[in-house]
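Have a look at these structures, which come just after this line.
Paired with chain B in one complex and with chain C in the other, chain A is shared by the two complexes that follow.
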Partner chain A sequence: MDLVESYKDEMRLIDKPWKGFWIGLLLMALLLLPWLGDEYMIYMVSLVCIYSIGVQGQNILIGYTGQISLGQAGFLAIGAFTLGHLSRLGVPVLLGLLGAGLAAGLFGLVVGFPCLRLKGPYLAIATLGFGIAVYEVFVNSQTLSGGRMGLIVPKFSPLFGLSGSAFYYYFSLLIGVVFTLVSFNIISSYIGRAFIAIRDNDIAAEAIGVNLTFYKLLSFVVSSFYTGVQGGLYGLLMGYVEPNMFTFLESVTLFIAVIIGGLASVEGSIMGAAFVILVPHIFSSYKELVPVAFGISILLVLIFEPLGLYGRWLKIRLYFRNWPFR
Partner chain B sequence: MAVKLLSVNSLAISFGGIRALGGIDFELEDQEILAIIGPNGSGKTTLINCITGIYSPDRGQVIFEGESIAGLSPDLVAQRGIARTFQNIRLFNNMTVLDNLMLGRHVKFRKNPFHAVLRIRKEELVHRERVEELIDFLDLHAYRKMRVVDCPYGVQKSVELGRALAMEPGLLLIDEPFAGLTSEEKEETAYRITEIRGKYKTGILLIEHDLRLVSKLADRMIALNYGLKIAEGSPQEVQRNPGVISAYLGNE
Partner chain C sequence: MTQLLQYLISGLSTGSVYALVALGLALIYRSTRILNFAHGDIATVGAFLAFALLGLNFHYTLAFLSALLLGPALAMAFYFVILVPAQRRGASHIEQITLTFGLGLILQGFISYFGGTEPQVFPFPLSDARNWQLGGVVLDELSAGTFLIGILACLVLYLLVHKTKLGLAMKATSENLPAAQTLGIPTRRILAISWGLAACLGVMAGLFVAPAFMLDPVFMLGPFLKGFAAAILGGLNSLPGAIAGGLIIGVVESLMGGYVVFEFKNTIAFLIIIVVLLVRPEGLLGTEFKERV
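And then the complex of A and B:
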């Protein structure tokens, strides 16, 4: 029976000891961050945690299922405003986030339907239209958007004697880690296999019994759920939500993060999130250069490293593992 | 009268002005190997596409295990127990051989989204065992963890056959399994096809150009030309049929 044991071993998330070691080290560093870094750094890393959720969701849709969406800003807005309204009604934060995810997921389902028949650029344009429509609705509806000043999201008081920023950081980190685990689990399950099958060969996928409608819609729902949660967490961190946080540019940013981080890679999604948060920070005194930097990075990725930062990382690792033989 | 595994009645389909199938009738028994031959463009692949729901026929019926399946979508046809391979291999190229075979288990998988999200992999283990049996049967050990695109052509053909077998189909449709193989690979595949019938108890519809190989394998044979059935019978009978000879010679 030891054969069966080894199949089980293969299905572990952390299948090799060195992997556990590096992940442990990374988590340790993240946990100690409030002692190691200043307020600004804590804030930036919180943002990376929050963003990495939406980027993972977007990657499940684009990288794993092979469907494109340029309307993620719409789901972000829906998530953020849902959380905002719910927490003003006194709903606990975790439930509020669930609500944010579900509301966005529901709209994901609605957007997914017409998109079943669309491919490539047509799908991109349809989803882009959705993102812009959501923006317009919030801009034009005072009740939904909370008026000129935006919607104030009540701060919750930090627990365990932590400072406000440290507490929000730990909270974002926790949710980010949970979503990362869920991503890994989904993509290695029958659901993830079906997604990838659709991406690689939809005709064959159907011929082996994969229901294309169901799994494409599921991918839309999962991805928009993730994005909704990102929006909710973002609203929490900022303390207020207003429509201008969720312009078309935000959809583009998520898209860029997926491409630069690496298609069909969870680790890459996190790297991509870090990239789109940290690069504008580096260029903070030359804001107009940010789009240029993004554009050049995308070109470089597409030309030299189609697997993105994650692909590059794999190569570096291989290099050092085989060093000095090369 | 016992129900036939598959019966196809006056199946017809046209594309624009081209009549690809002009009313085909035939039946296939349990565990029978039926070969379909015919020159290029005679409608063999189209026939498979109509049975599996990729095309919906203009006319005619497809009855599988006593139920009509014409017009069902391909995934529903697959769930009924019909598996196929493609003339131009269609695999999930960026996945490993193992994952491709696991996808063949998709219809048999008891799907529980909570197990998927929480990484409970009991069901996975069950199917993994079945897949390992297939890896044994098809001799794919060396390629198990390899990406399918990186595998040699012959191996890809085996993987595609394995993926279809993983579905434990009642009926297996194989479109040109020997095309592009070396002569050893051909012999091996031919041997496997006879094995499959005994081991997995499936009926097999086999499309092939290589008359020598196919006449060794098939119980019965049907010849198509321009979307019409021009001969049916034992492989010897069909090959001697003057219509078949002229269709082949006239074409080559």
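And then the complex of A and C:
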């Protein structure tokens, strides 16, 4: 859209002064939220922060690398239960989250390896199978899932004299922002370009020197690492984990968030996460109709706006920038 | 021995349901390269319509027939109203699959809203309480009926695909769409008929699953996923493969449940697919083009 004069310009995240202003304003609003909103709003925004991590991971896999996955719930469950068991053993939370991400990433490697040969629908089914298998393992194994009542994740005491919910909110926000920065950097680095090359044409990518095996696996690992961290944070926020939090529906939710937010855009992932959290909230009196709202949005997005919410946002922005011309 | 026979029989009966589901999926995949994620939900809609009509004291034949008509009507409407416009706008392969996903969600939501989420007993002319003793092996009416109808449906589909002009047109369309169009085959209508037929098979499977379990909005999820597994096992673009895959998964599942571990009965189907995809990605009888990377 805009003229890029040097490589440094291309690499800059904040490419226009106004963008810096708006992002600063948004961050300020997010930081002040505990004083502006009530408990429920803080809770919702924390959920959006947590989900945006997993959706970004899923977007790196689906949107950037073009590998469809319907088994994210499995990675979520692995992350959440890893964090639960680690924190019950007395491991500090940040290390626990790292462990959750690493455990999920390890399983991402395990799943990614057989999936190297698969494409499109076959890959969707194989990953779907993984998600369901993980769910069943947790349902049927008392030692892993902590019995019928689920696994209680010990709450960690809030620091800096903040209230519990505000502290969890800041914690999720911090981790969400860190992961957003990481995804922006992954995407604009060599790795991200390799991912995009694989998505656009894997044989051509291989021909120009992208190591397909390595980068496909890397994409799987990165995406499952993100999802594992999301699972861990979710468990922390809820205070307990049980297998029924991670059914096939959860994979569907992450998948929908990517599609509606916009394939191959980090901002879109955050918008998609906000969508899948806030829409059920709006429809809370008609809970059964939430899937209908999701489904109709998918149809509308795919037929009229394949770039998703982010594409719509770009168009609105362009309209105002060029106003009154079009 | 009798125990083994018993497990085989129950496996074949559930396997024929999986085969019906898998046939529908393979039929659509073969002609349009789309995996229909709404397959189970269309079947659920059909079963719920039959349930509602039975509640209004309609006769079984009438209720079931209207269910078997509603499913195809929905699928064809989806094909014409959503899929064709999306294809005209150049929707990619993954996007088309996602569209079926969206349809599934919409149907799922409406079923929960209008049909209720509580499990209900589905009245059926065949019952699994009435059974015959055949030398120690118990054969109940419902499983026998399921198996027979499954075989019959497969047979009819086989005749339709291999012995009629419609079947030939379907084959031509799936093998080479532009060539089929050039030869004057109304490919869009043929594809719509494929979608309708597939939905019909799905609803049929749904009508036989509903009395065996309880009727609730997600009752088809399990059989649908197993049907997927069966279709992959047999080779996604092969119709005989889908039948074979369905029966194999049904029997293996029943044997696993009986002899090894009951809890992981449902996981076994997915382990089978992962192994199949690793060893022979095109499935037992499939001939999918394989690409070396």
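A few comments on the model shown:
We take it that the second predicted complex is superposed on the first by the 318 of 326 C-alpha atoms of A that agree within 3 Å, B and C clash if a C-alpha of one lies under 4 Å from a C-alpha of the other, contacts with A are read in each partner's own complex, and residues count from 1 in each chain.
Just so it is clear, contacts are C-beta pairs under 8 Å (C-beta built on N, C-alpha and C of every residue); 3 or more make two chains touch, one makes a residue touch a chain.
Being a predicted model, the structure only gives us computed values, none of them experimental.
Look at A:7: by the touch rule set out above, it reaches chain B but stays clear of chain C.
By the touch criterion defined above, A:137 lies against chain C but remains apart from chain B after alignment on the C-alpha atoms of chain A. Of the two partner chains placed by the overlay, neither chain B nor chain C lies in contact with A:39. Using the contact criterion defined above for the overlaid structures, shared-chain residue A:185 touches chain B, although it does not reach chain C. Once chain A of one complex is fitted onto chain A of the other, the partner contacts of A:259 are limited to chain C, with no touch recorded for chain B. Judged by the touch definition given at the top, the superposed model places A:15 against neither chain B nor chain C.
Chain A has more of its residues touched by C than by the other of chain B and chain C.
In the superposed model, A:290 makes contact with chain C only, not with chain B. By the touch criterion defined above, A:203 reaches both chain B and chain C. In the superposition on chain A, A:212 contacts both chain B and chain C. Within chain A, the residues touched by chain B in the first complex and by chain C in the second are 203, 206, 212. Taken together, the chain A residues at the contact with chain B in this complex read 3-4, 7-8, 11, 13, 181-182, 184-186, 188-194, 196-197, 200-201, 203-212, 264.
Interface of chain B with chain A (complex): residues 52, 54, 73-75, 78-79, 83-84, 86, 90-95, 99, 102-104, 106-107, 109, 111, 113, 115-119, 121, 123-125, 128-129, 132, 163-164, 167.
Chain A makes touch with chain C in their complex at residues 62, 66, 68, 114, 116-122, 124-126, 128-130, 132-133, 136-137, 139-140, 202-203, 206, 212, 248, 252, 255-256, 259, 286, 288-299, 302-303, 306. Of all residues in chain C, those touching chain A in their complex are 29, 33, 35, 82, 85-86, 89, 91, 93-95, 97-99, 101-110, 112-113, 117, 221, 225, 228-229, 232, 236, 263-264, 266-267, 269-271, 273-274, 277-278, 281, 291, 293.
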